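Got a structure here, written out as structure tokens. Questions coming.
Labels run A, B, C, D, E and F following the written order; every chain starts at residue 1.
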Amino acid sequence: MRSDGRNDDQLRDIKITRGYQDWPAGSVLVEFGRTRVLCAASVTEGVPRWRKGSGLGWVTAEYAMLPSATNTRSDRESVKGRVGGRTHEISRLIGRSLRACIGLAALGENTIHLDCDVIQADGGTRTAAITGAYVALADAVTWLAAGGRLADPQPLSCAVSAVSVGVVGGRIRLDLPYEEDSRAEVDMNVVATDAGTLIEVQGTGEGATFARSTLDKMVDLALQGCAEINRVQAEALALPYPGTLPEPKPAKSTQPKAGK
Amino acid sequence: MRSDGRNDDQLRDIKITRGYQDWPAGSVLVEFGRTRVLCAASVTEGVPRWRKGSGLGWVTAEYAMLPSATNTRSDRESVKGRVGGRTHEISRLIGRSLRACIGLAALGENTIHLDCDVIQADGGTRTAAITGAYVALADAVTWLAAGGRLADPQPLSCAVSAVSVGVVGGRIRLDLPYEEDSRAEVDMNVVATDAGTLIEVQGTGEGATFARSTLDKMVDLALQGCAEINRVQAEALALPYPGTLPEPKPAKSTQPKAGK
Amino acid sequence: MRSDGRNDDQLRDIKITRGYQDWPAGSVLVEFGRTRVLCAASVTEGVPRWRKGSGLGWVTAEYAMLPSATNTRSDRESVKGRVGGRTHEISRLIGRSLRACIGLAALGENTIHLDCDVIQADGGTRTAAITGAYVALADAVTWLAAGGRLADPQPLSCAVSAVSVGVVGGRIRLDLPYEEDSRAEVDMNVVATDAGTLIEVQGTGEGATFARSTLDKMVDLALQGCAEINRVQAEALALPYPGTLPEPKPAKSTQPKAGK
Amino acid sequence: MRSDGRNDDQLRDIKITRGYQDWPAGSVLVEFGRTRVLCAASVTEGVPRWRKGSGLGWVTAEYAMLPSATNTRSDRESVKGRVGGRTHEISRLIGRSLRACIGLAALGENTIHLDCDVIQADGGTRTAAITGAYVALADAVTWLAAGGRLADPQPLSCAVSAVSVGVVGGRIRLDLPYEEDSRAEVDMNVVATDAGTLIEVQGTGEGATFARSTLDKMVDLALQGCAEINRVQAEALALPYPGTLPEPKPAKSTQPKAGK
Amino acid sequence: MRSDGRNDDQLRDIKITRGYQDWPAGSVLVEFGRTRVLCAASVTEGVPRWRKGSGLGWVTAEYAMLPSATNTRSDRESVKGRVGGRTHEISRLIGRSLRACIGLAALGENTIHLDCDVIQADGGTRTAAITGAYVALADAVTWLAAGGRLADPQPLSCAVSAVSVGVVGGRIRLDLPYEEDSRAEVDMNVVATDAGTLIEVQGTGEGATFARSTLDKMVDLALQGCAEINRVQAEALALPYPGTLPEPKPAKSTQPKAGK
Amino acid sequence: MRSDGRNDDQLRDIKITRGYQDWPAGSVLVEFGRTRVLCAASVTEGVPRWRKGSGLGWVTAEYAMLPSATNTRSDRESVKGRVGGRTHEISRLIGRSLRACIGLAALGENTIHLDCDVIQADGGTRTAAITGAYVALADAVTWLAAGGRLADPQPLSCAVSAVSVGVVGGRIRLDLPYEEDSRAEVDMNVVATDAGTLIEVQGTGEGATFARSTLDKMVDLALQGCAEINRVQAEALALPYPGTLPEPKPAKSTQPKAGK
């Protein structure tokens, strides 16, 4: 029995709220238990310099933690003047994972920024972020399509979800809260598609090593968790777009109208 | 008639939600119409170096904007590697305003961090932040008092609220949304107490100058707005503390228990 | 009686020396008692990126303190690698105040940089800086006009001066030196025009709140001080331009000739 | 056939040169084909602040690339003023991997810095770095033991090696050079022990997803590669310590003697 | 004939004004023709960390240029967020030069900061800075001695001055203004003592090389110039200390009294 | 007798290895005794912004030290987030010295980056770096000439070498190792050409001053040392280019082909 009453192979309650903010093309609050991440997908014209003239779009992500999101207040990276290694690593992981599901040619030379800001942290923030960012991205694609701004009407080739799995006290467990994560012997994050294929696998022994067979069992459990999360994503996306879609033929506008 | 249907002297809908996050001692979501700011009050042991040995506590604030909070996505200050002038200015204003209502000797050498993160911006983010930060601070004081950690059981000498007022198209208006703020001839922010006294007055002609008599009318209107906001704060604080208060005699713990 | 022998409503000696440096189009040393600020107005071609193509010019300010200007040596911001909040705030205030008196269309796409470097600090450095920056700006305008580089021969719509006022030991006093400023209960800076209108009003209770009636008296006293300072500015500007003015028709040169 | 003539399951030539530099306790040049990384293990007294008083030592790593190491010159991170995301990520991976093989209690409150500087890059720099860092760490342990500075004479619990594996043109290949890495569909790095257990598994679909069965085959091949690399490490470490070991009873000295 | 009418071996007018600012223990405005540098010597308690416990004092220098000091406005290093190479280099040169003339043991564990801020630049700013910094240092020493804070009543072993010399159009010239400096074939700075010995010699061919015999002639001319500058320094220092000296026995105060 | 057995006027063993790395156009390992510096010359298209449109090329240098190069590990400047004063100073010296021997018009608007990374430090790293950078630059020129990319087939006007000289225990000595350098009374670096002319002379009294006659003897000895080093450079360059030269007529390629 886990301290929150779950079985080893059970996810926490997953909730997905679309349209959390008014301005971005996609804005999703995702909750994995007490972990809450706000994932926004903003469309901006143009691409980074190294990509100009390619005709291809770009999808990039930035992950951050509110100082008040953690049990003990954490210092603000803007005040420290530098983004830490962990933040960089997770931002890169999210961007890479979401680029795996979208045809960048369809976007033209436009960029989708995925901002994943952790409102409350209780383990699994990066997997929640990937899960929510997919839904925000899907909304941004709907918004672009409505505006007639996509070369290919359906550029998403699959859905993307992610979950953590670990070995805690010798038991393989799914979707670790902070209390388990902080004492896990092995910690793994798996990003998968709704076709059951893998996008990213990252497993680490924390002061311990692990057997090949443990790896196999962890991947099995994670894939099963991802499939369940995919169903929650699909349900959320079955509802209509949570805002006003643009008219079919705007030439230049980038975002829904509103103030600052 | 204003574009949102209000009279010139009318506030937007003000909502205050306490206990928005689980870990900080005070956590408040404040809404002025579409403007939404998350204000968290976190208690940490110790004070900044220049204050050590004084026996006095410290209250400090940090204001920030989520990239997705604005109509057009704004760049993340952590990624730019420096905090901008506007951010600095507002952070200093919030800290100064809240220090006006609390006896710092009562805290002992402890610090309360007020983190004001703008979730959605539609004008008046700094005045909403001050208004919400007061409620979060009051909750943190309740939490400290319950834990027996205050030298003086009621260190708050008054309540603090703030509102913007401006001259738009020649008319003096209260609580400007972005659409009005961006074209105001004069822009003013007033921070006041529930005793009707002033803490801070900042008025600026935006490419225009203004008469002494205009200043007087703006201050009158702002004080009337602040009094109304004080009532909303008082109502919100009339409800019980939205979490578990600590036992009377803890020696060392700083924050409510929870994970990351 | 104040410690320097002044009455409560009396300014310190104000001196304005034009032509303090040889290279900038305007260069003014302004003294408010022992406070000395060097204000230089330099003309450079072009405008910031966000303003390009508008046909409008720009006026911006940077405030800084020499390490040796303060009673106890202060660290150099270039060495710390970041500009502090107070510096940012004052730089923004100076720029905003001076932009209120100039028609930016007249400049064409050129920028005037107002560099206000504090040589010696004894309270009121920001108000001295605004006062001196106006005179330097006026000289830069004369220099631009002589060179035939202004669309409108007289782009200045008014003169700008500033002064501090505060409550010290319960008495409302004008133009506070450091010794009074550091123990003031209320501290206010007022920026006004020679027409008696206001540009900026910033009043702060320092660990205290203040009544509406106190605000009124402080603004009255400050406006009276600003009017006196306007007279000193006018006297200084009645003298001829303190350098060599350019010939009427230069196409491209930006600054008076000289070496490094 | 691969462009360098290897079979799919074949490593490049692996060379390990100990004692490459004179001052660090361990200094190893490791070569995976044309990839060359200099791995130095330096012992310094004390541990990071957050670890003080624990009685435990610390092992940390920093990875960097000479500007001239890459095909096209890359900018120096010191000049850019910030360490990039990729550098952070790899530094953290190396540190984590090596901490898995050493008992930190044995070090006392001392730190071993593992500096992995890439002299020439041709794919697989992070796996070469981990492989070389293990040998440098082993030398530093020998040096500490000779000086009588270890609480436990053999704090290394296993040997650590790492290798890359990927899917290139549909074929699973071991130890990818840059030319293959840059066009791989799936890219994986595996860190393993000489006992055949895993420390870290990181697999990424690069614009593609991959099947569970592909993951299994990649891990199999990588483990086989790691075992071979372990043999090369063991051979290198069978030779005597490549320098002068300290006398048994020094109290305070930290590094072999020499100049700057 | 040089453009300013001087002979090749002639200095510009050198003026030294002591007591330019009120707060630092030494404050000197030095002028070499149009070049003007403000040199302040501030005494602070304590020494840098690496020097603590040595019983020795420290003398360090920081050189900076006001943005308005140069013919074309230069960007502020605090705003750029980093100190440039030239600034670093000159700061180090000034500190090194002045440390050559003072017994650091006499200071006890106190630091003298020499801040050299260029008010106006017309060539030779670094040599003017060294020349002025010596006089400011001498005043700081007088101030410390009066306060009974020196272990050795006369810690200055010699006077220090500096001058530039160069080859311009094939002619060896002394004390180059910007107009000559910018087109010199060889540029040299010499720091010397009043005993005629050398502290620093830095000569550079600017896109040209120079003969051994040219070096000899340049050093001869520079030493003659330094001797003359020493006489100006001695005359300036023959006047009484330009401020109020502290009473003989203060235990702890660091600077002359005054406000901010 | 010196501690390493040399006479006062004797150089350490100087070794120059060309072709140390595969990708840069020139890559040289230079050794002055135990001091080892890797000097790479990389050709990139384009010039810095301030030089665009001039038709001239640029040669610039960056000097850095591996953390493991020094007796006690030194912190990485990329991690500290700023390049130190000493690093800046040496980088500027190397660039200036090498620009003295090359006609920048011949390069067209291309840049040669000279990266001098110290692998092991034992005194004289900057003079070794200049010596090695010359050989790397000569190789880059050969590479550019072979590709038909030079306007002038032989843009090098002379060879450049450098050596340190100092006064140690009252004796004038050549090419100081760290052990002598750290206790030298006078320290000098001389950069000279193979024609016996000077490019740069930098002499510093380290807490001591020195006589004019000492300067003369130091320069004599340094010039003799530079002549010897020139012979070692010439021998090294007498061997064929250590790699594959490009075909005569490439229009656009910049560097020898290879991976990352």
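Following the convention adopted for this analysis, contacts are C-beta pairs under 8 Å (C-beta built on N, C-alpha and C of every residue); 3 or more make two chains touch, one makes a residue touch a chain.
Everything numeric here is computed off the predicted structure, so don't read it as measured data.
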Q) What is the graph distance from subunit D to subunit F, where chains are linked when they touch? A) 1
Q. What's the chain with its C-alpha centre farthest out from subunit C?
A. D
**Q.** Distance between chain centroids, defined by C-alpha means - subunit B, subunit D (Å)
**A.** 50
Q | Junction residues of subunit F - those touching two or more other chains | A | 81-82
Q. Taking chains as nodes and touches as edges, what kind of graph is this: line, ring, star, complete or other?
A. ring
Q.
Let me make sure I follow the ring: beginning at subunit A and going to subunit D first, which chains come in turn?
A. A, D, F, E, C, B
Q) In their shared complex, at which residues does subunit A touch subunit B? A) 21-24, 27, 34, 38, 40, 42, 44, 62, 64, 66-73, 76-83, 87, 113, 115, 117, 119-123, 177-179, 181-182, 254-255, 257-260
Q: Would you pull the subunit D residues touching subunit A in the complex into a rising list?
A: 82-86, 88-89, 91-92, 96, 99-100, 158, 188, 193, 195-205, 207-212, 215-216, 219, 223
